[in-house]
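Two complexes, one shared chain (chain A), two partners (chain B, chain C).
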Partner chain A sequence: MILRLAFRNIINNGWRSLINVVVISIVLIIMVWMQAMYYSWIRLAEIQQSEWEYGEGMLRVRAYDPYDAFSFEDSYAPVPGELKPGIESGEVVPVLLAPASIYPQGRMMGAIVKGMPQQQNILSFPSHRLESGSSDLTPVVIGQAMAKSSRLEAGDVFTIRIRDISGAYNAIDAIVDTVLFIPAPTADVGTVWLNLAELQRIRGAEDMASYFVFDDGKYRSFSNQDFRYIDRDEYFADLYQMLANERFQQVLMYALLVFLAMIAVFDTQALAVFKRRREIGTLAALGFTKGRIALLFTLEGTLYTMFAFILTPILGFPLFWYFASIGFRIPKGYDDFAIQGMTDTIRFTYPMHEIAIVFLIILAFTAIVSWLPTRRIARLNPVDALRGKVN
Partner chain B sequence: MKEVIAKIENMSKAFPTGEGDFWALKNINLEFLKGEFSGFVGPSGSGKTTLLNILGSLDTPSKGKVEVLGNKIQELNQRQASNLRSEHLGFIFQTYNLLPVYNVYENVEFPLLLLRMDAGTRDRMVKEAIEWVGLMDKIKSRPNQLSGGQCQRVAIARAMVKKPDLVLADEPTANLDTENSLNILDTMLNLNKELGTSFIFSTHDPKVIQYLRRIIRLTDGEVASDDPAPGI
Partner chain C sequence: MKKLFSLIMLMPLLVCAQNITADEIVRAVDRNMITRTSKANVRMTVHSRRASRTMEMISYSQGNDEAFSEYLSPPREKGTKMLKLGDDLWIYDPGTDRSIQISGNMLKQSVMGSDLSYEDMMEETHLLENYQAELKGEIKYDGRECWIIELKAKSSGVSYFKRKAYIDKERYVALYEEWYAKSGKLLKTIKASEVKRVSNRWYPTKMVFKDELKQGKGTEYIIDSIEIDLTLPAHIFSKAMLKK
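What follows is the complex of A and B.
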């Protein structure tokens, strides 16, 4: 009965109701859009990093700290015997890294050289391109970001100088076999990829590796004095931290949007309580308790959000469809920042559970904001209400 | 002997004003019997609407006792007062006070929804009430599609649909022309006779006064006279 009356009152309220519903709907569209953008960005980053660097798990040498360049020099250890069968069967990919100086067109710049086996199927990396031919030049693969910063192109020859583990410098002449689009920035920026065996030879680190990539979580519990397992949370910690920072701004933005929408609802409901005093008195005379009358007005306000829930997919469909199919293009220059996931067009997926939570929060806020003006009803004398008298 | 449905004993009502309390009703003593067709008559400010509101449990007395259908008005909490109104009392207002978003049927049905009765019984009672007031052809009309007289007839149907023990009518003809006034008074008198429902009016309209079987004249918040209508 109350719901029916509330529904009728909303419909009868005409364009005022429509404005409220549209305002809430626009707020919801923006919130869904933002929610989808962050979600899709993180998902894309996770997928790309997994495909190009992390696989389904990573075992890393304890000495290696990706945020400390000085640690790179010592980031190697013998390949544990337990992993050798896995390496042979292709379940484990060993990678060795070393700090190096490269000399493109005679200029010197720092780089990280990473060695990867030619035969591997866990990462998307086209490691077969690292196969040494009959030439004296060692083929290397670099990403577009590295090509841009070093001004190297496919076919360019340059020198790589690497210090071996006993402290002696070695140098090789390398040829850029391919410049790849590598969507995982940590596998691209400042990185030169070459054959693992070649790097082990130059580095004097035969049968050694810096980290291993797995195609499943089988080695999750593996640990020894040299290596430890890096789980997803640790590997993506900086990405999640960045997301947490973004979340704060996102919450501020949401709060502002919700505040504006709630002002509209509050204003309408406060005015309704004021304008419909006689109706309040009539309802009281018919036997409605004040609580029930307050519930009626609260429900009316809440219904705006319910209607907005229906309108949001309709109004937002073109936008949602565009970003799901065409995607959000990362502005030029963003790849220089080497932000994971920010290297390719982000095609939105819509996290329904998160969107449902957003909707529920808005619903709760609308209910509260609609209830606030009804507190006046509790103070309203039915006789005064019937007279339409202002307290 | 007829049952007493409302009893007022030494009742006074004061309203606070800037200059102290204003006593709108002073030491009222009255009794109403089941099936009465009575009314408070007096000029504006004489206290008749206040008295009606207290009988309808919309207001409470400042002093004295008011008992309606066994309920002591001064002791009722909000929920008990609401129950009394929804189960036993019907209201008819000068300004009809129909719910504008509902049609005739839904307005009349509304008090029954509060009583939680089954849909079939409700439908039968609503149609019966609309027939009493002769508005079956307007059953789907909204209040804004009806004349003043028709709106007041809907209000009567709404007040009568649950067959209340007591109907309180506050200046029911004030906004109506003579023809409509007489029509609705005839309707109410018929319902009083057929259903035995008690009616208490508040009015200063001579057309209403001529229909009343008991006239209680109020002057400055006091009962000036309480007489059967001439010819009764």
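What follows is the complex of A and C.
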């Protein structure tokens, strides 16, 4: 009965109710949009990094620290015998990396050269392009970001100078076979890809690798003195850390939006308690306890949010649809920052469980904010109320 | 008659020069180039594709392992100091008032945009310790009679697998050098265009270093004045000097 009464009161409130519902709905649309953006960004980054670099697991040489360029020179170790059957069967992809200097058009720049077997099916990388032909030039593949920074194009010839593992300089002439769109920045920025056997030869590191990529978690427990397993949490640690920082800003934004919406609800409720004091008195005279009257007002406030839940998908549909189908891409120029997951168009997916939590939180806040002004009712004398007096 | 007399007088030297071995030549070059201590005022002009830039510095060295240099100009580089102690290299940047150790991949970078890398500066100069020398012939280079010496690395850890040098027969100074990668690709050339008598030895005072993989006209290295085998205070080759 209270629910029916509350529903009728909201409808009778007319424009005032509609404004509240629309305000809450707009707040919810923004919150859902932000939630979907962060969720889709991280999901895309995870997919891209897995497809292009991590696979379903990675075994990395202990000396290698991707954040310490000084460690690259010593980032190699013999391929463990236990992995060789996996390499032959295609379950394991060995990758060797080395710091190098490249000379595109006679300019010197630092680069990381990575060697990958020309036959592998775990990563999306078209490694068959690394097959050496009859020419003396070593074919290499680079990503678009690398092409941009080095001003190299497909067909360009340049020299790669590298130190072998004993410290002597070696140099080869290479030809850019393909410039690829590589969505994983760590496999693109500053990186030149060439055939593993060729890199092992010029580096004097036969049968050595820097890391291995797997297509499942079979080698999760593998560890030896040279290599250790890198789980997803460790591999994506920087991405998750970046997300955590963004989340903090997101929470601040949420708090501001919710605060604004709740002010609207609180204001409406406070005004309602004042304007409807005769009604409160009548209800009390009819036998409504103060608690039930407070419940009625709280329900009315909460119903705004319930209506907003219904209105949100209707109002937000064009926006939600646009970002789900057309997507969001960071403006040109900003993609130079090479942030994981932001190299490609982010098409939004809407995480229903996270959105449901957001809705519940908003519901709880609305209930509290709707209840706060009704505390006056507890102090109300029904006779005074009938006379139109509120303390 | 005078000519004949001169020829008779020079005969023993010429005979000696004919029989000299590659090792003896390289040893003589090492003797010329390696100093106990030195202090030099140097100008380094980097000729890049677009412009040229000259830097002046004062350099001190003690044996092969210790070297200290301070940039005097241009204003942007003034106060920059470099210290080499054995296998370690530090750079002091006056702008940030910080010293950083150059190691790993940074050693591959060029020194102040020149054709020399930090690694080149760290190179061991005792040629015979690292290379097997072979006398490949003779050549007239820059108007002077030279031996062609080929140096091949004795061990795998030497930076440049092969070097070729034209050694001035009279002054035992390399007038031209080629440094090669393991693959046989020419990486660097060094041309000495001016050789002066310093104390009791010949010393190249004007050289052009050229990274052959890079475009540009190379880096000129001019020694305006040099003192050799002088007494240097020990504190010059200490990290404390970087911030002084």
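Here is the rule we use: the second predicted complex is superposed on the first by the 391 of 391 C-alpha atoms of A that agree within 3 Å, B and C clash if a C-alpha of one lies under 4 Å from a C-alpha of the other, contacts with A are read in each partner's own complex, and residues count from 1 in each chain.
We adopt the following convention: a residue touches a chain if its C-beta (ideal position, glycine included) is under 8 Å from a C-beta of that chain, and two chains touch if they have at least 3 such contacts.
Small disclaimer: the values here were computed from a predicted structure and weren't measured.
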Message: One more residue to check, A:Val383. First (chain B), second (chain C), both or neither?
response: first
*asked:* Quick check for you: in the superposed arrangement, does A:Glu279 touch first (chain B), second (chain C), both or neither?
replied: first
Per residue count on chain A, the busier partner among chain B and chain C is C
* Asked: Just chain B (first), just chain C (second), both, or neither: which does A:Ile314 touch?
  -> neither
Message = By the touch definition at the top of the document, which applies to A:Leu5: first (chain B), second (chain C), both, or neither?
response = first
Residues on chain A touched by both chain B and chain C none
Within their complex, chain A touches chain B through residues 1, 5, 8-9, 11-12, 278-279, 281-282, 284-290, 381-383, 386
Touching chain C in the complex, chain A uses residues 69-73, 99, 101, 103, 105-108, 110, 159, 161, 163-164, 166-173, 202, 204
Per the touch rule above, chain B residues touching chain A in the complex are 53, 56, 58-59, 78-79, 82-83, 85-87, 91, 93, 95, 97, 99-102, 110-111, 113-114, 158
In their shared complex, chain A is touched by residues of chain C numbered 49, 103-106, 108-110, 153, 155-161, 181-183, 185, 187, 211, 213-216
